[in-house]
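Chain nomenclature is as follows: A, B, C, D, E and F, assigned in order of appearance, with residue numbering initiated at 1 for each chain independently.
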Amino acid sequence: MFHHVKELQFNARVSKADPYFANLLLEQFGGENGELAAAMQYFTQAFGAKVPHPDKYDMLMDIATEEFSHLEIVGATIQMLLKGVNGELKDAADNSEIMQIMNGKTAKESIIHDALTANPQFAVITGGGVTPRNSQGIPWCASYVNSNGDLTVDLRSNLASESRAKLVYEHLMKFTQDPYVLETLSFLMTREVAHYKMFEAALDSIQPNFPPGILAADPRFTQQYYNLSKPESALGPWNQGQMPGMSKDFEYIEEPLAYVKKKATEKPSQETKRQLAQTEKQNQKFSKLKSDEVKKADKKDKGQWSDYDKG
Amino acid sequence: MFHHVKELQFNARVSKADPYFANLLLEQFGGENGELAAAMQYFTQAFGAKVPHPDKYDMLMDIATEEFSHLEIVGATIQMLLKGVNGELKDAADNSEIMQIMNGKTAKESIIHDALTANPQFAVITGGGVTPRNSQGIPWCASYVNSNGDLTVDLRSNLASESRAKLVYEHLMKFTQDPYVLETLSFLMTREVAHYKMFEAALDSIQPNFPPGILAADPRFTQQYYNLSKPESALGPWNQGQMPGMSKDFEYIEEPLAYVKKKATEKPSQETKRQLAQTEKQNQKFSKLKSDEVKKADKKDKGQWSDYDKG
Amino acid sequence: MFHHVKELQFNARVSKADPYFANLLLEQFGGENGELAAAMQYFTQAFGAKVPHPDKYDMLMDIATEEFSHLEIVGATIQMLLKGVNGELKDAADNSEIMQIMNGKTAKESIIHDALTANPQFAVITGGGVTPRNSQGIPWCASYVNSNGDLTVDLRSNLASESRAKLVYEHLMKFTQDPYVLETLSFLMTREVAHYKMFEAALDSIQPNFPPGILAADPRFTQQYYNLSKPESALGPWNQGQMPGMSKDFEYIEEPLAYVKKKATEKPSQETKRQLAQTEKQNQKFSKLKSDEVKKADKKDKGQWSDYDKG
Amino acid sequence: MFHHVKELQFNARVSKADPYFANLLLEQFGGENGELAAAMQYFTQAFGAKVPHPDKYDMLMDIATEEFSHLEIVGATIQMLLKGVNGELKDAADNSEIMQIMNGKTAKESIIHDALTANPQFAVITGGGVTPRNSQGIPWCASYVNSNGDLTVDLRSNLASESRAKLVYEHLMKFTQDPYVLETLSFLMTREVAHYKMFEAALDSIQPNFPPGILAADPRFTQQYYNLSKPESALGPWNQGQMPGMSKDFEYIEEPLAYVKKKATEKPSQETKRQLAQTEKQNQKFSKLKSDEVKKADKKDKGQWSDYDKG
Amino acid sequence: MFHHVKELQFNARVSKADPYFANLLLEQFGGENGELAAAMQYFTQAFGAKVPHPDKYDMLMDIATEEFSHLEIVGATIQMLLKGVNGELKDAADNSEIMQIMNGKTAKESIIHDALTANPQFAVITGGGVTPRNSQGIPWCASYVNSNGDLTVDLRSNLASESRAKLVYEHLMKFTQDPYVLETLSFLMTREVAHYKMFEAALDSIQPNFPPGILAADPRFTQQYYNLSKPESALGPWNQGQMPGMSKDFEYIEEPLAYVKKKATEKPSQETKRQLAQTEKQNQKFSKLKSDEVKKADKKDKGQWSDYDKG
Amino acid sequence: MFHHVKELQFNARVSKADPYFANLLLEQFGGENGELAAAMQYFTQAFGAKVPHPDKYDMLMDIATEEFSHLEIVGATIQMLLKGVNGELKDAADNSEIMQIMNGKTAKESIIHDALTANPQFAVITGGGVTPRNSQGIPWCASYVNSNGDLTVDLRSNLASESRAKLVYEHLMKFTQDPYVLETLSFLMTREVAHYKMFEAALDSIQPNFPPGILAADPRFTQQYYNLSKPESALGPWNQGQMPGMSKDFEYIEEPLAYVKKKATEKPSQETKRQLAQTEKQNQKFSKLKSDEVKKADKKDKGQWSDYDKG
């Protein structure tokens, strides 16, 4: 159950209205890397974690709730940056001022002209208000949300999401000089970094956490780097030397087509068969382990979400 | 700022897993008339209402927060209805059981087979978890949200939204016999009715509230009912007799084309001119009134969302 | 079957080209509250109404057809506002003029420069023509359409749709001073009001029409107003006093969490049981009534849509 | 302006309800190649054609109006195929029958079970009615519509659209044995062929109509066929011999990379320069011709769409 | 299997950065008629053609691969037109310059200001890079792709796609004067014409190729032209005289409603029955022929895509 | 420039047709975590990397090209799993067999019935072919692609993408027993792991790579963990003890509201000011460093993408 308190998590303020920046800031309200996307991602991940991983459930719900609180901060800032637009629109019978400006007949600044130029829908659809769309008007869409029922995957999705969100705030900070807004953006940007660290620590606390999911990599196909962008690819630690955290070296395939043809018809060696059998065994063991972890938790679950007696 | 408490607003329970109903229920998690749509609609409307209409802001935030809490109830129910799917998927190395079932070689029921049939993404994308999509997999989309910066419009959008949400719960109740789930659905359906009544009372408290927005209807074009679906349309209170709440009668236009041609070239009568002038005057007055209401509130606003000193 | 006549339903004119306003006006051609959305909403609702409610079918088809006619008016106005763009694009081999303007080397106004600035797709995709997208280029999408097979719900959706469409026209009228265009917008805005009144009358003619759909509200959950946006919510007729049109008072829940915990474990009282039984009985009766209404009409239906013998 | 008459353009009938086929048929109501897509494509193309090409405007509006009439036929058929679903849903208080069936406890057929299986939204969202979505629930989207302000392009888009629509009807006919439905599908499929012929004749009546648009092809880049799918591509009239309707032969580029490198640094020959100059001259001439055609028509246009005096 | 070589298929260059044109050019990277749409269309068509029509498979893969190479050229040009934006964004700690410009305090040109104005996402989301969206920010969407498993349909879709793509390049050429960019656009535009000719030749090589698909048109419904846009439609070769390539004349239906009513109740004549029987026979024969063609090829297929032994 | 060779990168085979699994496998062709998404993500990232980071450009293009090759493998497998559908559809005149099956009158298996049940569009839209949509028919959409012009962010997005793609293959392997298909899936799954390792190594090779982007975290807001999901959250390394890789400890905020109120009015301490100044200095330095890196590379760039002389 959610509660709302009227105070924002951060004391968001603006110096003056600025519809152009309001439009940019929509990216973090209704954009692909914005607060709604983050909130819904951790919120949906939490449901699946609750029974088998109650500690991670707590963390996911804490952070999801913080993201909903950030969504509110971003929305509040956008709304303050649009101050004056709604009042102007309500003056429905009088369009003399705006038209003078649009015709260039007067130099007077107009908040509604700015709103229209920044985003036509501020002026005709949202009535000068917040909307869950991005800076180009694309409605927020749940395909921004990655929630896949596996913590080692979900936490990695979250590290990436936080990284992108941090970068977008960083970019946004270049486009305003309002010290109040900058302070709010600095808070929000930093919280993405804080969340990153939390997800990193949570991922570290699961061992082994690689590869993501359950099944081991097939030993036949793990190490090849195919040189597919001819004539030659730069060399680096991503295609030569030891693979990070593995006891294998990268194998640089200079001529992919020839390699592929050869492999397509080649019979597996004894060593390969041995490795495959070992992988298979490891898969059986690890998948039993992980499956049991969930199934055992499931079994204790009584088909009731909350326990009101001890609450 | 939001807070989350671990107890659900309603004691949601399920008797046993049922992926088919879980998929149907997605309509109210990530569907067009579902809880996320309602929550985001009232939440975005609230931002614009805060300064000029602080009492309506409170109401919108209270109900938005309740809808987020309903979203959680729906998600929790879906998750419980999918019990067993994630554990089965984690048994990654073993597909013998599911395949026997898919090949029809055994009569044993399988939760994962049910999940797959109900919704392929339960089995391969969400890992047996909740997702903000509808029962056909369409990602939730912010174009479900109507928020237009005018309370007489927004509250009407909300009456319609609550009506549709209520109907969907009613339909859903035909497709389960689980008494626990039915009880939860009954709670959720009824809360839509309760919200309907709140929005109705709020709309009544604004007078005048018709027409929505500011401008009066143009007296030349208000009363005609065009008989455009030939040969003849049934008569009823919607095209004959007095218009509800107005001192005008509907005018049934038997032959729209002839009427349109006549009107296109006709000069306005003195009476029409008088009515237009009167409408114009009323528009000036009402738009000044409503504009001032917002502008006056705006003026008092100091560019700070929350007041932490008195909190 | 549809027919088209070349005359518009209103004598749409423009004084001169104006690509900026053409772009804004797209909201009512291909936007979420525009004419195509309205036309398709009433058109799809009509199919379901035809057999059980032939009089409402006539009304829905009449208004749907009028909305298609309005779509044509809006499209015609946009096209006239883009006059000159297509001709300029056809002058494909000569880009000297436009480029001089884009480089700021000449003060001469250019219709194609205006088109490009207003909406890049006017210049490169639509060839200076109409397109079913909104003012930010989002393609029209059928999720704007609400059609749910229940008249008490559908008519409420229509009241909301007409309210929003009216407001958008009102907003649009602030952004043009062309007297011809203003006259057309006034006509279109007013017809939304007229349709509102028709739908209101139609909804009134169905009794009882509350709650929408069939099932009565669950008496246990109808009256609570949860104070979820702390510390305190403003009081008003939406959370205290009698619920509109009901014999119950709102119940203001000061401390939702405590209330929820208490209710989650509480046994229902005898009075509650009595009320539930009564509701159940009423549901049985009303659902039989409404179901019979449809089934009886269905039974008379011979699987043929039109009757050409009497036509 | 549109009119509707209650008779369908074709006497659509069904033998009995069939929700599975109703769902399939949605492809032609709200799908990418369906009637709404066709109607909106020709309708939007018509606006741009009206002033410069009034005869093509008539044709486009005639066929658009016929497609709207087909949309109605398809919708009527879907609605008849869903007969019984709405009545069953209205029996809201009674879910005993459907649940028995879903539990496999009885062999009795149920229309609502069929509706649910065919398309979950028939049962919970549309109330057993028509919806502008495809057979997988994707809402109709205006990106299905191609309208580009050039008749030689638009008519080619229409030939392709009609071809696809024809094919989809052909496929649909494999999935029903209802003789009434088959007759309707045969009518609709054939009308696509008829429209194809109309568009073909209209395109032939414009000379020259190749290349589409205005500018001639650059003589340096017209004839090469790049063998990019190694080791070798089959030869055929599309990469050897004379190019259809042109005085040039295809040039088969055996080794694209070598060819590209050579061309990137090569200086143009005298012959190439001569050809380019000639092309440029032709472009100037043709673009003036086509531009003048539109501009002249534009000039006569008085900023009024319809002429009510002569109507 | 794909290979990439670092050289572009055409020596793409730009004279200087131009974020405005970069944004326009996105239409051909991630827009509805752009290179990704073309590449994915031919690529998906190729899969179905491989077994029954290996020669057409080669052509489709050759052209698909060329379109991927064009996608790279367009992307490279956009990237070069955005030169400077990323570097400016990386100067994250310093927003003094951009803000001075936005405040109009200095006349100095700024690449980042241009990027922001051209497309807000260049500045805050893509980091000054390429993105698969169109000039209004709409993400590329697979509903732009038409691939229907029938060559006589697919090739017609391709003729239309190439026509639209050609036109868009033509339009784009009006909005830049950079001679290098114009040269690249001329190359790309011309290649669309070249592909058009290839698809035309391929379609000609299939005989008969009309109607698209398999089934013949129903002789009862082929020739009528319904005059649905009253009062009268212009006459032309599309509604009178011989239908192109057919031995029938168009039949102009002056009064569609009367005609429809008459036909709805009319019994088929002996001649009509004879024609229907003949059509049915032809359908049987042709569908056997075409079906056998595919089935025979299928039969030879061993469930292995590539043959590495002969490769 | 791309080349295609007819051999697949892996010898994809199938034992027999299986439309159900073909539909599931669409997730990796046109789904959110599929091969097209991966290919387009690395391909668009590569453009921005080319000038400042040519070695990473090579890696991104190599892996993008491999993903396009995987897209082909997945498409080829889907096509083989649909063997027989197209041939059956071409037998357009004969629907006797399929209808017998649909009516349950015969037990004979039918490939076209399976195709229809698995995915209605296989039967009526794609003609039994591949389509860039997911297992529920959602068209592939570019909002699946994350490309943000910063390698430390992009590489993290790639780690997440590869993790999800790996998991989806793992899930898919539970739903087929065809040994050939399993072998192909094992190859594809493993390559995701291989790419993961390459991206990990590339990210490690950039130092410092945290925080992603340029700006340092604001020292005031980095370490707080807000306990927002009451009554209490489980403790773990993500909210207590040292933050990973940082010299700070997590600070657990037991009562977020009280904390927020206190902080909102508190003046910054001297220590905080010192930290802020230091952060600011670090930001200036690092942003100059990173900006110069890009700008210097930009400067050397001559506005020409490829160098054909040395190629």
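The rule we apply is simple: a contact is a pair of C-beta atoms (placed from the backbone, for glycine too) under 8 Å apart; a residue touches a chain by one contact, two chains touch by 3 or more.
In this text the structure is predicted, and so the values were computed from the model without any measurement.
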{"item": "Subunit D and subunit A - chains in contact with each", "value": "B, C, E, F"}
{"item": "Chains contacting each of subunit C and subunit E, listed by label", "value": "A, D"}
{"item": "Chain at maximum distance from subunit C, centres defined as averaged CA atoms", "value": "F"}
{"item": "Shared interface numbering between subunit E and subunit D [over half = same, under half = different]", "value": "same"}
{"item": "Between B-F and E-F, the pair with more C-beta contacts", "value": "E-F"}
{"item": "Gap in Å, rounded to a whole number, between the CA centres of subunit D and subunit C", "value": "26"}
{"item": "Cα-centroid distance, subunit D relative to subunit F, in whole angstrom", "value": "33"}
{"item": "Computed distance of Cα centres, subunit F from subunit A, in Å", "value": "12"}
{"item": "Per-residue overlap in subunit A, given as positions that touch at least 2 other chains", "value": "1-9, 11, 32, 61-62, 65, 69, 89, 92, 125, 127, 136-139, 141, 143, 148, 150, 167-168, 170, 173, 213-215, 228-229, 231, 256-257, 260-261, 264, 306, 308, 311"}
{"item": "Pairwise chain contacts under the document criterion", "value": "A-B, A-C, A-E, A-F, B-C, B-D, B-F, C-D, C-E, D-E, D-F, E-F"}
{"item": "Partner subunit C, residues of subunit A touching it in the complex", "value": "1-6, 89, 92, 95, 98-99, 102-103, 112, 116, 119-121, 123-125, 127, 136-139, 306, 308-309, 311"}
{"item": "Residues of subunit D defined as touching subunit C within the complex", "value": "1-9, 11-16, 30, 36, 40, 43-45, 47-48, 50, 52, 61-62, 64-65, 68-69, 72, 75-80, 83-84, 86-94, 125-133, 139-143, 145, 147-150, 180, 213-215, 280, 283-284, 286-288, 290-291, 293-295, 298, 301, 303-306, 308, 311"}
{"item": "Touching residues on subunit E, where the partner in the complex is subunit C", "value": "20, 23-24, 27, 31-33, 134-138, 167-168, 170-177, 228-231, 256-257, 260-261, 264-265"}
{"item": "In the complex with subunit F, residue positions of subunit A that touch it", "value": "5, 7-11, 32, 54-55, 58-59, 61-62, 65-66, 69, 138, 141, 143-144, 146, 148, 150, 152-153, 156-157, 159-161, 163-164, 166-168, 170, 173, 186-187, 189-191, 193-194, 196-202, 204-205, 211-215, 217-218, 220-229, 231, 233-239, 243-246, 250, 256-257, 260-261, 264, 311"}
